[in-house]
Each structure stands twice: as C-alpha cells, then as structure tokens.
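Next come two complexes, and both contain chain A; in the first it sits with chain B, in the second with chain C.
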Partner chain A sequence: MSVKRKGPRATAVRVATYALLITVAIIVLFPFVVAVSTSLKRNTDIFTYPPSLVPRTVTTVTDPDLGLENATVYELPGSDGQFALVESDVPVAEFRRIDDPEVIIALPPDQGVETDRTTVVDGDEETIYLVEVDGSEVEVFRARLTVGGLFQPLDGEGDSESVVELVNLATPERVFGPRFENFSQVVTEKNLGRSLTNTVLVTIAVVVGQIVTSVLGGYAFARIDFRGRDRLFLLYLGSVMIPFVVLIIPLFQLMLQLGWTDNLVALIIPFVFTAYGTFLMRQFFLGIPKEIEEAALIDGASRATTLWKVMVPLARPAIATLATFGFLYAWNSFFWPLVIINSGNPDNGLLTLTLATLGGRSSTDTNLVFAGAVLAMTPPILVFLFAQRYFVENSASSGLK
Partner chain B sequence: MSAVSFSGVSKRYKDGPKAVDALDLDIADGEFMVFVGPSGCGKSTALRMLAGLEEITDGELRIGGRVVNDLPPGDRDIAMVFQNYALYPHMTVRENIGFALEVAKVDKKEAKQKIEDAAELLGLTEYLDRLPKALSGGQRQRVAMGRAIVRSPQVFLMDEPLSNLDAKLRVQMRSDIIQLQARLGTTMVYVTHDQVEAMTMGHRVAVLRSGILQQVAPPQQLYLEPANLFVASFIGSPSMNLITSEVSVDGDVVTLSFDDHRVRLASGAVERYPGLLDRHGSEIIFGMRPEHFALAGDIDVLDEQIIDVDVELAEAMGAEVHVHSTLDVPPVSIDGEMLDPDDDSLADGTRIIARIDGIHVVAMGERIRLALKTHLAHFFDPADGRPLR
Partner chain C sequence: MVDSISTEPAPVALDAEQPNSGPAQGLRLVVGWHVAGAAASVAMMLLANRSGDEELPATIGVFLRVFAAASFAAHVAAAVGVSQRRRWGRTVSLVVSYLVFVVAAVAAVHQLGGFTAIGSLGEGLSKAVVPFIVVAVGLLWVLVAGQIGASRPAAPGPRQLRRAGWVVTGIGSAWFVVAADPTGMLSAFFERIVQPVTIATLVLALVAFAATRFMWNREIGRIFGTTASVERTLTGLAFLSPNLLGFLFFFAGPVLFSLVVSFYDWKTTGTGRSFIGIDNYVEALSLDFASASAPGAGVEVLKANYQVLMHLDWFGQNWVIGARDVTFWLSLRNIVVFLALAVPLSVLPALGLSSILASQLRGMKIFRAVYFIPSVAGVIGVAIIWGQLFQSTVGWINYLIKRAGDLLPFVDAPDQGQAWLSSNSTALLAMVIVFAWMSFGFNTVLYLAGHQAIPKELYEAAEIDGARAWKIFRRITVPQLRNTTFYVLITTSILALQLFDIVWILSTPQPGGPDNATMTPVIALYNEAFKDNNRGYASALAWVLFAIIFVFTFAQFRRDREGATGGIA
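Entry: the complex of A and B
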C-alpha cells in the first residue's frame, strides 16, 4: 500500500479523475441500458416522443358505476382531470377558429351550426360555422371530418358530460410497467429456446474440449522432452497467424466430406483444438517451478497423477482465462455457423443466427429483438463479471518461494 | 550392507563435460553424508541421480543393495527436501505432508496418524490446516521435512535445504536437522555449498570438484589431513594460506624461502611430510591455516620461524584478530584456476590471513612479527596438488 497524497490539490485531482471515469462509464453503459429498457417495453412504447428509458404502460380503469371496463386513461388538452376512452371511433369534426387557425376544436359534427357565409383559408373557400366554446359562440371553419374518441371524465360527477376529442391529441396516462412477457414470447414464438439450448450445448462442449486439449498439449510442450518438440510448437503457434476467413472454404469442404454440414458437430470439433490455448497453458506450466513436479514424482505420483493433482490445480487461473475466452468465442461465433448451418433448419440454429434472422425478418417486433439480444448477452456479461479476477490475477506463484 | 552405493556413476549432459565423473562412494546405513563443493561441482547432480530425477549415464547405483538405475523416483524408497521446499502451493500443510501417502493409497486413518506424528515431531501441529503461503520460511522448510519424514524412507535426500533461510534460522535448523537425523537414524545425503554446514553436520563429508570426488572423510580428518590442495583450500574459514615456496634441504633441516623470508621448518613438519626431504631446490606449496600463526611474543619459536609483515587490514572478531597482509610471491592456482577468482588483489601477490589472539590491538599499516607454527603446516606438490607425505 502506498501512502496517499493529501491536500486540496490531491483532492481536486481525485475528484476530476472520478468525474472522468464516471462519465466514461456512463457512455459505455448507455447502450446496455437502452437494450435492457427496450427489451422490457411494449412495442407501442418504443417510438414515443419524448423517448423514455423507463418501460411504461398505459393505465386503465374499470368502474362498473361508470360502465367502464379496462378503459385507457387519458389527459386531454385544455381540460383538467383524467378521462377514460369509452368509444374510439365516433365521428368528429375538426373545427379551426377563423381568427386563429392553429386552435383546433374537436366536436361532434352536429354541434357546429352552419352559416351561409364563407371565408377563404389558404386559397380555399370554406363555409363558416358557429360553435359554442365556454358559453360564447365562436366563428370557425371545418377543417375535416374524421373519427375520434369519446372520453368520459373520471373525477367529475356521474352525470358529467362526455367529451369528444381527437385521439392523437389525447395523452395516455403512462406509469412504470415492464413487460416481461417479451422474453417468454421471444423464446417460444421466435424459436429462441431451441437456439439457446444449442448454443449452450456447443459452448460447453467447446470450452471443455479446449481445456482438455490445451492442458494436455501445453503440458507436453512444457515438460515432456521429445524430438522436434520446440519446432513442432513453433509450427503449432504459427497457425494462430492464419486468419479464419482463409480456412472457411477448406474447412467447409472437410465438413462436407465428413458429412457434418448442418450439424452441431461442425461447430464443436474444429474449435476444440486451439493453438492459443495450448500456448497459454504451456507458458503457465513453464512458470511452475520444476521442483514441485519433481517433489510429486518423488512422492510416488505418476505423470497423470502429477498433472491432475498438482499441475491442474495450480493452473486454475490460466484454465479460467482459457475457459472465459473459449466461452466468449463459442457463444458469440456467428460467421462459421452461418456458413455451415442450413438457415432453413431452425432445429440447428444458434442464438446468434436466430437473432440475426429475428432482427431481419420480424424487425417490427423491436421489443422482442431486444429481448433476444439481452438474453444472448447476459451470460457473457455474467461470465466476465465472475471471471474478471482471472484476467487481473495471472500469477499462481504466491506461496512457492 | 551399505544404504547407498555409487560405483563408477557418471553423468554426462548432451554435448557437455561430465557433470559427475565415475563416482565411487559407499554410504553406510544411518550415516549422515554431506556432499560439498563449489557451484557446478556435480554435488547436486549426484544427489538428483540418487533421487532418480536425472538419468545415470554410466555406472551402477544401489539403494539398500538394489540396483536403482532404471527405477522411477517413487519406487526408490527415498524422500527429498528441495532448496526452495517445492511445497504444493494449493494444498494445506496436512495435504502437503500426506500427499505421498495419498498417492500410495495408505489407509486414511493410518495416514492421518502418520501426518500428525510428523507434524508433532516438527512442531507443525497448529499449522496443519494452513496453506504454505501463510507460513514463514522456517515453517515451510519444516513442512518440506515433514513431507520427507512421513514416508519413513530408507534415505533422506536434502538439496541445500537451508540456503533460503536467514543466518540465525539457518543455525537453528542446522542443529534441528542433526538431532532429527540422530533420532530417526535414517541415512541422510545432504548437499551444500557451505563448508561450515558440511563440517558441522556430516558424519562424513564428500568433497567434490568438477564432477570428481576429491576426498571422503569425517570432518575433522578433512580439516587436518586434506587429501589435496583443493580440499585444503576449500575446507576451513578463512581458508588455508597457500604460499609458493622454494625448499632447501640440509641434512634433516628443511628451510622454505618465499618473498624475502626464510623459514626453518620444525622437525614435526618433516616427520609428517617426509616427502619434503626429496624436494631440495624445487618449489612446493606451503599451506598454513590462519590459526597456525601467532604474534611472535605469544609463543616460543625459533627466530627462523618468524616473519615480519605489513598489516593491510585487521579485523577484530572479539576472541581473535584476523590480520591480512600480502606476500610478494605468485598466487597459487589449481589446474589453472585461481583459488579466489573474485579477488583481483591476488594478481601479483599472495594474500595471507593470520588469526592472532584477540587481546592484541593491531592497527592497519603497522608492521608486526608473525610466528609460524610450522609443525602444524601442510605441504603440497604444485604439479598435482598431492600432499608431500
């Protein structure tokens, strides 16, 4: 532990540092927050203006006295209090004041008294109507005839008069209301469940396979003396330099000959052998003092026992790192599955593939797309949170010296 | 029957010289044998061959009468303590000590008892459930010992087990190991580069140099009757002063000349080293241990056994004073190697160290008269390093 600097200058530096870090954290986290919030929204709630990060739902009211059942609650422009939408397609006339055409007065068409006078608005001749607003008559013209909603006041007495208003001018009362059904819906209706199972299966197989081959290979390259070992290792390591795109066609042909196309095996076997993992494990094993192994040898342990009981437990941080990388790779892999899995076969789909189709084909269900995305990104985030200390703490040498 | 027997055992690494060259050595049952020598002398290699951690290139190695050349370490009935202890970091002390028993599938109850006995013996009982990283150096060292003891092997092997400890703890552990070995009566092969450890611990000490065994003897004999120049210079601290001198023999009187000094040898020296009488006119190496000097007034000697030297450095140790000075004679080398390659000052003279009584106050730059107890001195042939007995 170092001694902390004190004094106002140091405090200012610390405050600035934290402010900067918090800003960056907010910027980085924002897309995640949006994704999570969208995944919990109703589809109609996604494109509202102003946008909201909080998933909301409209409030409804059920009141037998007023003859209301699950009626949506609205606020109306120019009126206080709340109104329930009773009927949504009543005829409405949209009147506009002659002296101020911006003011819209929505009324049942029969409440405007037609006169024989006309006026010219934007070059069109319009008939003048008389309507009653707040007890006085106003001259208006009829902009259009349309359908609107019949709203019943909720806070007035039972005999309060219903109001006709254009629905798009009414603001529904919204409250916090996440829609968790998005998840079950995307899993069942959009076939994400099957893809999730497949992805979990493939990921586990790849991670376990990678650990087994890398531990065995890494140990052999680190500790077993055989002819040409170091050259073979260089060759093996060199394969890391080959970009995957170069391998796609030969690999595809190989899969074709093995009859593994459109098969999950094709997503597992080629990725179980990893030069990177072997390299990682070799380096780690090289760092373990030879004497520990020799001590085990003298204690009578066979190579297999030594590997299993001494080396592997010591290599836990390296194995965890390898498992984390393997997990992220397998979980997120998209291009190879896209190539090898028949897109017409939903039974062999992976999460990444299904999400891609979901985003393309049913992009109207934005909330479901986001629910799927959240489902897909939660496991990697959790794995990273739990395994991050293995990225930081990469030495097991404590207690050796 | 000897517990361990090396016959003609050699080790040659790929395109290297022999690390161990035709080692012949019998270690008795219950003996505490120390291998000592400078670094690279082959002592650790010899031990590792015994442990089964190094292949034997040539020769035959027996443990308890059985040839073990091709036996894996686990089947040799040995236990080893490593310099860095090589504890299993992920196991508790209990698991560390019990690992060999677990591998050997010893009954759980019996194993528990053995582990606890070993822990008790080493004072580790309260640490049994700790991890090695929570222990001090000395405790880890004891755990390593416990791991060896618990198997009750035929032979204990120790590879510089004390060199990672601080000086005080080292002395403490040294005596602990001696007592432990005496108590268990198990044969022990102990490797060290520290000649003080070798002298204090071993029943017998094997001195190695460049893969070749120089001398095997009990510590005192090693000190008093070194088999060659190397052993003479390696054993003892400060080490023996080796002075190239010319011999002149007149009847039974032998006189050595070096620098400007002429020293008449006591008759006792000639009796012990009769070979001196044949060396008239030739050069020999005159070996004087630091305690073979005294201030002229302290002992009765002939005038011809006193030399005048300039004090270059005086180290007061309390009971004694180490007086350093230089003689103008070419320094001694063994097979072309300087005895002390770090010391540049030897380039054109021979540094000598005399150990005189601590009651004297000696100042730097002072000229003092040193008396030589020549009857205790050693004499070697400069060509082959053999003593002139």
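Entry: the complex of A and C
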C-alpha cells in the first residue's frame, strides 16, 4: 500500500501509522531495556516497588571531621536533610501516638516522661508517656523496645545532635549508579566464562562444518548429474519434515554407544550435516550460470578446483546466510544440550544451559543472571543486525525456520 | 603397499590389452587388498559369533554380523570384478575401498580420542581467550586485506597488508598453543597411538585410501571402460559423501531406530527390553468414557488402569473421561489451547504490520529489524527476562496493569498482584504471550516477502477507483496473501506444537507446572525419556507427536503441489 497522498487527512494517517509502529517497537524493545537495566542493578534494587528502569545505588559519605567512613546516607521521615548511619544497633523505644497509633515516634529509651495515667490499646493497658514533637508535647504509649540506627545529620553546623530512628523507616538515598561488576562477577564466580568459551567453540565448529558439508553436497546436487540424484534429494527434502523430537532419543542412545555423552563433541558432529544447508547451497548454485564453471572445466581444472576457485567465491552471499543461520542455531540451542550435557558438570556447560540453571526456580542473584542473559543475547543480536541483508531475504525465500 | 607401487621395477606386460604395466601391477595389489578384506570380514564374523551376547549388547552383535557379511560380499565382488576387468569392477572396488577408508579413519580418530578431545579443546580455549582473539583478528585482517587486494590486484600495498595479517595469525596461533597447554592431550594421544588396535586401524585406513586413490585415476577408468555417466555418478557421490554419510549415520539411521524402539518396552534401568507391539501407542492414546450418576464421580467408574482426565456435564448427564496416560492427554489439551491462542496472536499482528511496512514510508527497514530481534535473541535469555516481567510483586506487567487501572476506569486491576506463572489459570496464557512476542516479527518478514509478489497494478487500480485503505487491505492484500498466510499458519503451528524451552524456564514449581497447567507434549516426552528412563514409551510419544505435526506438514505439501500444478501462482 502506498500512502503518498497529501493533505491534513493523509498527515493524520501518517502520524497514526508511525504511532502504531513505534508502540509495537516499544513493546518489542521494552523487555530488553529491562534486561539491560536489571543487569546493571544491585540485587536489593531489583526487588523494590514500584519497579524502576534506573539502576540505583545508595550513596555513602566519608568525612573525617564527623568521624564517618563509608557511611550510608539516609533520609528520615519527618526530618529534612540527609543523615549518615553511624551505628546500626542502638536501643530504641518505639512510641506510638495515642490519638493515632499509626504514627511511630522513635526515641532513645531514656527519653519520654512517664505519667501515671494509662490507656487501653488493642485490649492491652499501656502507660502514657509524654514526648516532645516539634516543640509541643504529645501523648504516646511505648509499643516496644527494640534496636534502631543512630543517624548523624550531614548538613547541620557540625555539632547538631544525632537522631535515633528505626532503620526500616529510614530510606537510603539512591542515586543513579550502574553496577558493571555484575558482568565480571557472573563470568568468574558463576563459571559463565567457561560456558562462554565452550559456546564459542561449539558455534564455530558447527558453522564451519555446516559450510563444508553443505557446499560439497549442494554442489553435487546442483551441478553433477549423477544417477539417483533426484531420489536422494527427495530424501533430503523429506527429512526436513521430521521434527527434532523424533530424533532426540535415538541420538542420545547413539551418543551413549559412542561414549560422547557429556562431551562437547555431541553438540558438534551430529549437527554439521544439515539438509537445510544443503538445500540452501543447491538453490544458490543452480542460479549461477553454467558457462562460468564450464570455462574452467574445459581449461582442465578438476571439479574440486572449480568448486573452490570459481563457485565458492561466487556463493559468498549464500555461505554468509548459512553461517548466520548456523550461528544462531548453535548459539541458542538448548534442548539437545540439556539432554546430552551432564548438568552437574560446569566444565561442559553452554551459555544457555548455565543460564537456565542460574536463572532457574531457585535463583538468588537475579542481577548476575541478567548480566549473563545480556552477555548471551548480545552476539546473536549483533550478528543479526550486521548480517540482516542475508538473513531477512533468505528466511523469507527459503522458508527456513 | 603404497611404496611397492612406485619402487618395484616394472614387470613385463602380461596382458596385451594393457600396454602400461604399472596399472596392472597396481590392480593386482588391489585384488589382493580385496581378498584380504574378505578374509578379515570372515574373521570379524567369527569373532562376533564367539563373543556371546553377554559381552556385547545384542544390537551391536547383530550390527557387527550384518556389517561383516556385507563387507565380505562386497570385497569378494570387488576382487572378482577387478581381476576380470569387469566394467562394474572398478565402481564396486572404489565404493568398498572408500567406505572402508572412511569407517577406518573415523574409527582411528575415535580410538585416538580425537572426538572427545573436543571437550578438552573447550578447556584449552578457556585458558587462552586472549590469543584466540588475536588469531580471530589476524584472520579477519587477512580477509579484509584480501578483499582490498581483489579490487586492486596490481598494488603491492594490500599484499603486504595481507602478509602482516598472516604474521599476526601465526603469532596468535603459537601463543594460543602455549597458553592452551596441550601437553596433557598430546601425552594421551601418544599413549593411545602405540596400541596395536589403533595401529591396525590406521594401517587399514591408509591401505583403503591408497586403493581408492589408485582406482580413482582416469587411466584406470579407461582400462575398465568406465562410461562418462558412471564417472559423473562417482564424482557426484564423492562430493556428496561427507554430507550423505553423516546424514545417514546421525539422522536417517537414528530415526529408523526410534521407530523400532517405539515398539519395545525399553527401559534403561533393569534388563527388560522386550518387543511389545503397539502397546506403547495403546498406553499413550487410550481413553475411557464413562457416565457417572453423580457429579464429581472419580476413578471408580473407569476401567482398571485409567485415571480421571476430566469431567463433562453434557445435557444433564455427567461424564467422566479417563486416560491411561493422563499427563500426555493433559499436554495435548494444553497444546491445543496454546495453538488456538498463540498462533492468531503471532500471525494477525504480522499480517497487519507487514501491510504497513510494505509501504515505502521512511524508516520501515528499521522497524522491520527491530521487530525481528526477539526471534534471534535466544529463547533462554528471553524467557529469563519475561520471568522477571511476570513477577507478581515487583514485576512490570502487574505494575503497568495497576497504573492502567489508575488511569482508566474500566481496567479493573486487582489489589493483589496477579501471580501469572504460579496460577493455574494464567500460566499457559503467560507462555502464549512470550511465544507470540518472540515469533510475530519473524512472521512479519515472511509476510513482507509475500507482499513483494502482489502486482502493483492492483493497488493502482484500486486507488484510481478511490477505495479506502481498509477496503484495499481486505479486498486486495488479504486475498493476495492467502498462500503466505497458509504457510505462516502452518510453520507457526509446527513450531508451537513443539513448545519446550519457554515452558522449561518459566513454569513453576517444576517444568510443566503448576499442576500440569503448562505441561506440553515435548516436556512429557522429556520426562518419560530422561527422568523415568522409559525410552520405548517416550519414542512412541515422539511418533504420536510426529503424526500430529505431519498433518500440518502434509497440508502445506499438498498446497505447494497444487500451487505448482496451475493453482494460484
């Protein structure tokens, strides 16, 4: 549909169109934004409500004059300005107002004037105390004695008095602060580094292997008119119909016989023979004019030389497509590695496997899991963006999925 | 053997037909090789017979015997064919020698631990990441320099640049070897290579290779009177062979084996591996319908071994449906619901969006790329993200619903955050959302290809007639994209039927949970095969699933055929 009309109506349509497209783009990209932000957060920062996209960190203050070293900065209810936590387990009396028991007033236990009057709160008789709040006396009762924090005002004149407050009422001041250590930590501590190198190794091997077998097979199917060729090709085409679930049990049994279980070779060798790739290369070779090749053959070059020197350079776009598909398949594969790689052995883990274990039902370090997920997702996305031309055109025309 | 061909003095020609004595001598050696091969096959047969079934698994014993018999027959045929200079002699000899070479070479690599050494390579790579990057940069350098050089072949600059790239690659490789420290691997290699079995296999591989090389020669072909057509067939098969052998060994063979296993009671624990006919299929598919007098009647109205699958209240009559494998039937029910929701949700937006993207507005390629990203990002990472988004207390989904509830009066946001993944009623819906989000971009691209095939004249004519956009979409775009829609529906359905990864990561408290609400056929199959080690039954499940998928595949196949034979082009 070509929307190339002019006028206010056309402009409105155009604006609405872009609004729709941008909305969908936001729906697509938002989870990735969440992933990147979570991968840069502290773990405590992830489970706060409302959720936030900004990775935040608490601020600390170091001031020798006040005797502070890396003290966390807080904001306190009912007080302006910033406070530094000096001590975290000082005794605190938690008072509540008689007229409004929801209001908590935390004071040192020795403060508050005890009266001889009592009141009944939730069926319990409580002694009434008098405390001073903002210059006026308030009637309160003592709910409990507990421990709280001692907070030092930061913007006072230096000798302003410290304040006692329940720590859970104090909110640490958070400022923007991404935590890049998540990445190094997940690579070293969670053994994701080994999974990363394993995944790189498997991916390279699968891609190279697929290219070699597919170029040879595709060339044979496209250019050499041998007996039984069409029947064999039909067999290859038919194999595409068979889903991987049918293959998984016998292939596991085969790996068992070969002694390849829990070894990276089981992720490589069975997957370098691909009917898809052969099909893709055949289609491309069929499109190359025969004259180009025949000229070389008449000059006395062998088939192998012709293939290597003439056909392969021409087939670079198809090889790039095949490499992209092979890369995405090998990098993202999960089901087969899950079956064949022993989950207890971190040395043979792949990114997908290790991530699934880390991010599983009992995951604790969510920030590290997300750092790992971002590491795992970046290469395929980059490869897709760079190889888009091959990828988009061919996924549509050859129906690879 | 190889040496003897070249070092022995050429004997006087014995046969008048062959003026050149070299080939005759070589051919005699080839005949000798085939005779020896036949003898070895007999020995192998005897060996397989002597070592009883207790030592070798039954399948391997049978396989060895069949293999030995075939090898014997082939070697004898080759020996006869070559010595009598039959036209087919060369072909048979070549095929036999080549196959023996491949099998022996692979076996030698296997015995040397060459395949499992890939695991050790993983360790080496992890120790030598930096040199590995240097090697990669070096190769990239060479590649780029080569591209520059190709456009200006005369200039000396690119050639030197390329040489420098090779130097970088070389230094990186040396560094890599040092850093990866392959001494352990090498010592294991030398330990194994001196073993007699390994040496014998290696020699066999070398002899078979020499025989293949020798017989491959065109000169030899002329002696046997090989026609051009046979020569072409041999060349074609040679090019195809790496692919074809791997395909047969790792795909076709296992698939047939799976079919066989599905008729066995094949458990990995215990010894019971007995042929039970179609019992696995009966077990998987059996249903029992019983009418119950009272609602909520249970297993007592069903036949023995049946468990309650569901209750039905149909025209006032209570029915109980029972199944022998309730989990599998539940998984089938789930996947039907999943298909009904997920397929439209990932196809309809694709249809609409592709119609917008097909217009030549600015920035369409960017949107196309953005929409495609979820389908390449990797399902595990994606599932992990969505797990956090669906989180009940601090997840974004609940938060956004709550915010929408604050803004819009008609959105009724519950006070308590919805526990998407741990609630029976919403868990499957959550999977639907993730699946649709992942796959609609891919479908959009498929549709875009379909758009390119629509004749532009149709739109021009419609615009001249003054048709509105919606009418054009309904009357031209949708009907013209009928074939694409069919294809997209089929491929998406096939993908959805094999749902596994998303559920594996997201479902809780165990894969398929809660209460089997997200159990899928593939997860049921996985549990049977690798948790309960019930491989025969799991294979039967795989074939049932294949049959279901095949309905879709076959529909597409039929449609393609119709299209090819004069249907809608």
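Definition applied: the second predicted complex is superposed on the first by the 375 of 401 C-alpha atoms of A that agree within 3 Å, B and C clash if a C-alpha of one lies under 4 Å from a C-alpha of the other, contacts with A are read in each partner's own complex, and residues count from 1 in each chain.
The definition used in the following text is that a contact is a pair of C-beta atoms (placed from the backbone, for glycine too) under 8 Å apart; a residue touches a chain by one contact, two chains touch by 3 or more.
Computed from a predicted model, the values in this text were never measured in an experiment.
Touching more residues of chain A than its counterpart among chain B and chain C is C. Contacts of A:S239 after superposition: chain C is touched, whereas chain B is not reached.
Contact with chain C, but none with chain B, is seen for A:Y49 once the two complexes are overlaid on the shared chain.
Of the two partner chains, chain B is the only one touched by A:D299; chain C is not.
Once chain A of one complex is fitted onto chain A of the other, the partner contacts of A:V120 are absent, as it touches neither chain B nor chain C.
When the two complexes are overlaid on their common chain A, residue A:I268 makes contact with chain C while staying clear of chain B.
Taken together, the two complexes place residues 396, 399, 401 of chain A in contact with chain B and also with chain C. Put simply, chain B touches chain A in their complex at residues 51-53, 72-75, 78-80, 82-84, 86-90, 99-100, 103-104, 131-133, 147, 151, 164.
Taken together, the chain C residues at the contact with chain A in this complex read 60, 110, 115-116, 118-119, 121-123, 125-126, 129, 229, 232-237, 239-240, 242-244, 246-247, 250-255, 257-258, 261, 349, 353, 355-361, 363, 367-374, 376-382, 384-389, 393-396, 399, 437, 441-442, 445-446, 448-449, 459, 463, 469, 472-473, 477, 487, 491, 494-495, 498, 500-501, 504-505, 508-510, 522, 525-526, 529-530, 535, 538-539, 542-543, 545-546, 549-550, 553, 557.
Only residues 289, 291-292, 294-302, 305, 309-310, 313-314, 316, 396, 398-401 of chain A touch chain B when the two sit together in their complex.
The part of chain A that touches chain C in the complex is made up of residues 1-3, 13-14, 17-18, 20-21, 24-25, 27-32, 34-35, 38, 46-51, 193-194, 197-198, 200-201, 205, 212-214, 216-217, 219-221, 224-229, 232, 235-236, 239, 241-254, 257-260, 263-265, 268-270, 272-273, 275, 278, 303, 307, 328, 331-332, 334-335, 338-339, 347-348, 351-352, 355-356, 359-361, 366, 369-370, 373-374, 376-377, 380-381, 383-385, 388, 391-392, 395-397, 399, 401.
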